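Heads up, the next two complexes both have chain A, just with different partners, chain B and then chain C.
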Partner chain A sequence: MAKVKFPKASQVDIMLLLEGTFPYVSGGVSSWVNQIVRGFPQWRFGAVFLGSQREDYEEFKYDLPDNLVHLEEHYLHGGQPKPVVTPCQGNPEGFDAIRRLHEWFLNHQQGILPEEMKSLAFYRDSPHGVDFIQFLHGERSWDFIAEKYRSRCTDPSFVDYFWTVRNMHTPVWQLAEIAANLIPARLYHTVSTGYAGFLGALLHHATGRTLLLSEHGIYTKERRIDILHNEWILDRRNPLQKDLTEVSYYRELWIRFFETLGRFCYDAAGTTISLFEGARQREIADGAPPERTRVIPNGIDLSRFSPLRRQRPAVPPPIIALLGRVVPIKDVKTFIRSLRILSSHIPDVQGWIVGPTDEAPHYAEECRRLAESLAVADRIFFKGFMDPRELFPQIGLLALTSISEGLPLVALEGYAAGIPLVATDVGSCRQLVEGVGEEDEALGHAGAVVPINNPQAVAEACLTLLSDQDVWQKAQAAAVARVERFYTQKRMFAEYRQLYEEGLAPWQA
Partner chain B sequence: MSWGLLLVFALLSQTAAVWALFSPYPQAMQLGLFVVAHLVASLLLSALLLMVMPHRFARRRTWVLLLFVSVAFFIPVLGGLGLIVDMVYFRMTRKAIKRPEFHSLKIPPFLEEGSHIAQGMGEGGAWSRLRTVDLPRPQRLKALLAVSTTGGRKVNRLLRLATGDTDDEIRLLAFNLFDRQEKVVTQAISQNLGELKKVRGSAQRAELCRSLALSYWEMVYNDLAQAELQNFFVEQSLNYASQACELGGDDPAMALLIGRIHLLRGQTDQAEAMILKAQSLGALPARVLPYLAEIAYTRRDFKALTDYLQQETSLKHKPGIGPVAQFWGVASWQK
Partner chain C sequence: MAGIGFELRKLLRRDTFSGLMMAYAYAGVISSGPWVLSIVAVLIIGIFSVPVVIPPDLVRQFQTILTTIIAASLILSGLVQLSFTRYCADRIFKKEHGLLLPNLNGLLLLVTVVAAALAIPLVIVVFPGSSLILRLLIVACFVTVCNVWIGTILLSGLKAYKAILVNFLLGYGIALVLAWGLRHWDLEGLLLAFLVGQFVLFKGMLYVVFKGYPSRHFIQFDFLRAGRMYLSLVFTGFFYNIGIWIDKIVFWYHPWTSEPVIGLLRGSPIYDLPVFIAYLAIIPGMAVFLMRIETDFVEYYDRFYDAVREGGSLGYIHEMKDEMVRITREGIYDIMKIQGVVILLVVVAGGTLLQWAGISRIHLPLLQIQVVATGFQVVFLGLLNVFFYLDRRNRVLLLTGLFMTLNGLLSWLSIQLGPFFYGYGFAVSLVIAVSVGMVLLDRDLDRLEYETFMLQ
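And then the complex of A and B:
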């Protein structure tokens, strides 16, 4: 796909705030964004793409919809030019506010977030705020960092602490700058908390316009997991200083930082939307006010997939597809291991891994090697990108071995084409397979739910479905009935239309 | 009192001893004064030399001190001079090394101010915390982190248990820790398989097959695979161990591994034959005897079991097998 020129407009109806997704990264969230923009042609959309650094992203993975009239991109760790070194003292009031904010970090009580911090002017040129130059070069900034290091940090290296604090907080001022220069919009919609959510909160406080938050995965939870496993976060404590049961100070610091960004966003969002009830409860636990939360499940365009049912074979083909990006969170390795087990029972079984391998190339390479070491390299096919409509008529089952999911669109698309699903018990997968509520459960099982990291269970579930035609047919029927009843695009659009109309109403031109 | 002052006293005493010999007093008094002053000088010099000598040279300090005193006392001039020369030597060389003794080091900075170092927890503590679902998440995460630095089959079982937890974060953390353990072995297998495709010489091939056999076995031994997948790894391990023996000749480690695989499968006769072969090829008794004892146990041959465990007394003190050897390794229980 050729690189598309960025559309520019002077104002939009709805501004989407996107971190690491559409249009550069393919996947569930990006597809959903694409779907939403195309679903509301009556409104003019804009989008702000936030990424880590430019070289992490190649080209657009989607054709931009016609009603996406404005797009800009910003990179938060891209080595932007820093202001010239300017010695200064720093505003005492500004640093007092920061001090109070840090107390808020520790207590996490709602309602006491310093009001100054919500104001865009605080980060830019307010005489009582702390602008970027003061943060970088102010003596009070240095004193504050040194004081916090002495009183709280357990790591012996001040240099590491200093740079961790600098790198962690620099995007906050960048986001304030982005917010200040962004074209006007009548409604803001972020699809995650984190940096995009913080930007949304700043924009909401600066303009008074409604902010909607739709969380597909729980951003804070995902960052927590990343941080606990990242090896670039140093821990210079020696064995005498280290308590093995403690998370290192820097990891805690990063986790608290993202939790705080999340609370800032939950506090500002007019409505926080999650895909299923479990996620809503998690958001409430993380600080979302319960009365402003609601569940809107994903929905799909049935007409795109239902004709494929006629092309499906009468007996299950021994082909199982894992449709998704080849990244660790999808746990492709468990899928490969399950193929090893299945191959002893179904000699001609094949595993198709359908999705891009360029997001985590090391992991993709590990998967290939694993297939070799398990002697199933001749049965595992890395197909890259494939149009689901071309894929679905050829396969017997869809498998999702993920360790974390929201409400996977691929499962719904597969259901619409009549394909049963074997999925791990994460996110809303159990709800998708077994149903939730009396009416839904009465439809039967549209496949099987298995524990994570359990190739034996995956293999056994696939074997049952592929070897018993009756079970397979019933699962197909349940899949079709469930998606048609509960997960249609029409239903999802109706709920979003209502939210958009409510948010846009006070600002009708 | 400083080292230098004591040296001055020692030299003054020695001078007094020499002066006493030429003093105008009666001969008996001269002798008495000399003996006392010379003895004081000898004691002081000996003590001073002992002080500057590295500890490793003077472990039995009383005897060493007596030796120095005797040398200084009974060889009046040369003995004392010798001690002084030694003193100078040790003072200079130790100064040149500038190596502080361990006990003289101060506590590193920040250690005193650092966080409170809490007691860690063993596998038992971690299991009990992880099984208690009502426990707050931070405490359960601590339990996982506590065991994550160790590894081994028990820890892997615990991590697998935690991957089925109802809490997302516990589950994901456990998964990642488990994956990290597994990845190390898989990488080794993958690398060896890649090299095996390239090499031609039988010695090199034997070595690679040996590594592969051990790596596949590692997956089994560390409980990184279960059920049918585990059977596959056992099969692969046996296959590569056999190839290693064919290509590289008899190897006690491979014979023992094949024996253990047979033992895992319940094929005791084949297991015994291979383990005895490993023993005849030179495998250490402490490595083979526990398996032979296990085979004897499965056959209910308790006398043989005792005999095996008595053959190697060190088994009683080894972790794991130690309590077993202590119980079964005494003949008295049979009475």
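And then the complex of A and C:
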């Protein structure tokens, strides 16, 4: 894709806040963003992309829609210029507010989010707030960190604690700066909690305009998985201090931090939208006020996929496709292992892994080696990127072995193209396969749900579907019926149009 | 070459009284070595020559010329003493040992050129009646002594205290022997003896560097590149050396307290002798101080920063800091105690001592206050050293600047107030500088953890 210039505008209708997704990363959330922007050509969109470091991202993975008139990018962990080192005391009121924030979070229901921390001035130039210099160099900041270390940290290394705290919180002040310099918008829409959600909350409090929060995965949950897998989080406990069942304190700290950001965002969001009921419950448990939550499932453009059904061979080919990025969260290894089991029952079975391998090259390499060591390398194909519309007519089943999912678009697209699904029992997968509510459940099973990390169960489910024509046909019928009734783009757009109109309305007069 | 702390600890590990005495003696000689040796040698050369070189005026001329050369060379080389030491320390830290020798050569060339360029016109003006040979000898001595200080600071930076000491002994030994042989040649002979001694001393130190730190390059000027030396250290070194000499200079050139000696050079018969004797009295304090800093303090200092870097708990970091505070406090107390004993001795027995040395008792009150002052100077040095360890360069700059200014002003004021106050300028300026230094150190140590972590 050619190098695209960043469009700039002086104001927009809807400002999207995107963390680590569109337009740099391909995947479910990014496609959804692309879909939404293109779905509402009547409004001018802007977008703020937040990333960790510039070098983590390559070029745009999407052509920018014409009505995306403003785009800016910010990197939160790249070596931004820091303010000049200035020793200072720090405002007692400001640190008092931060202390109350910590208590508010630690004691959950008790207390309220300190009002003053909602204002941008608190982070920038308030005589009672805590600006970046105070956070970095203030004596009160030091006292606070030392106090928290003494009372809470279970890891002996103070220097690690110090830098973890510092690196973790630094983006907060960067975000306040971004919020202060952002062009005006009439509505803010964040597609995750986390840093983007926090930015959205700051913008909402600063402008009084509505903030919408659409969560596809649960950010804090994904972060948790991310953090548990990450090597960069230090663990300096020596073997005697280390209890393997216990998460390192720093991992815990990161998780709590993101949970706090999440609460901040839930508190500010006018509507918190989730893709399925399970996700909504989780958000409520994480602090979203129930009356402001709502479920809007993803919807797809049926016309792009339903014609594919006619291209399918009469008998479903014994080809199972896993469509997704080759990353640990998709648990591609379980898919490969299940192929090993399947190959002894269906001699010509194939597993296609369709998705980019460049995001976690190490993991991709491990997957390749696993396929070799299980002697299934000749039936596992790493296809890289493929147009789903080209792919769907050639395969018999879609498999999702993920350990975490939201509401996977590929499953819906597969349904529309007439392909049943074998999926792990995560996110909305059970709902997609078995239906939710009487009307939905009556449509029947559109495949099978299996436990996570269980190659045997995946293999058995695939075997049942592929070896019995009748079962397969019924699953296909349920899949098509379900997607056409509940998961159309039309339905999703209608719901978002209503939310957007409500959010924009007070300002249109 | 092992650090001095290592050598001292080895002696202490014997855990015997003689081991302890050895350690203190070693520390004393090493810490005050070059400085004291210079004074002793100047005095001895003078005393040697007394029966031979007639009139005694000539001895006085010789001592005055030498003292002026030492003072001027210390002040001039003071510009680069600390800054170049730090430059070398940084190179060693970055394992760039190959840069040491060529840059030492570069610095020596620079110092030689500058020293000669300053000295040649000066000897023309300052010594109108003297022989050409004498003037040339003075220039040569000045340039060589400047180079000797550079060599000394480089070797102390490399912690090669033993090599410094050996070379000083050798150089001054040769100077003494030659002085005895050349004493009939009046001033020229004595200066030549001194020059040859200094030259041997200088070459001996160069030999140690050439042997220990070989390099493919002969000469480089890397230290002059922007950002390689700290400007604040250039000023600190300059202020410190001026500070140490300014009271003497005031007494040498104030008409009430000085008399002409040779050419335009003057001396202060009332002030000089007690001061130099008082400097000999700091040896015990210096020894104690070196022991404290280089063994105990450094140990906890290392542990503190290791804990900071390697992930110690905050409690442990606090503990090590507290130990540093304790050692610093004890070190200062110890200096005060031992110098207190020295002061008592001088108060009680000073008169007798002076008599033995054939010095008029008129010097006694001045000697007493000077011993107090030099005692404080040891404490002052101790404080500066702790600040250097903590890398508080601005503090050192402030303190040396303060000391220099006060010492100049108060010394002048003491002359205005009359003979009874002579020496109080030096002493009071040190008391003030030490007090300010202690307040600042107290504050810095109190905020050490905060500043270590938060000001980066």
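The working rule: the second predicted complex is superposed on the first by the 492 of 509 C-alpha atoms of A that agree within 3 Å, B and C clash if a C-alpha of one lies under 4 Å from a C-alpha of the other, contacts with A are read in each partner's own complex, and residues count from 1 in each chain.
In this text, a residue touches a chain if its C-beta (ideal position, glycine included) is under 8 Å from a C-beta of that chain, and two chains touch if they have at least 3 such contacts.
For clarity, every value in this text was computed on a predicted model and none was experimentally measured.
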item	value
Chain C versus chain B, contacts on chain A by residue	B
Which of chain B and chain C A:G138 touches, first, second, both or neither	second
Touching partner for A:Q281 - first (chain B), second (chain C), both, neither	neither
First, second, both or neither for A:Q456, with chain B first and chain C second	first
Which of chain B and chain C A:F162 touches, first, second, both or neither	second
First, second, both or neither for A:R340, with chain B first and chain C second	first
Chain A positions touched by chain B in one structure and by chain C in the second	156
Partner chain C, residues of chain A touching it in the complex	85, 87, 136-139, 141-142, 146, 149-150, 156-160, 162, 236
Interface residues, chain C side, partner chain A - complex	307-315, 317, 447, 449-451, 453-456
Footprint of chain B on chain A - complex, ascending	154, 156, 218, 221, 224-225, 228-229, 237-238, 240-247, 282, 328, 331, 333, 337, 340-341, 344, 366, 369-370, 372-375, 403-404, 426, 451-456, 459
Contacting residues of chain B [partner chain A, same complex]	108-111, 114-118, 120-121, 141-143, 145-146, 149, 160, 163-164, 168-169, 171-173, 175-176, 178-179, 183, 186-187, 189-190, 193, 225-229, 232, 236
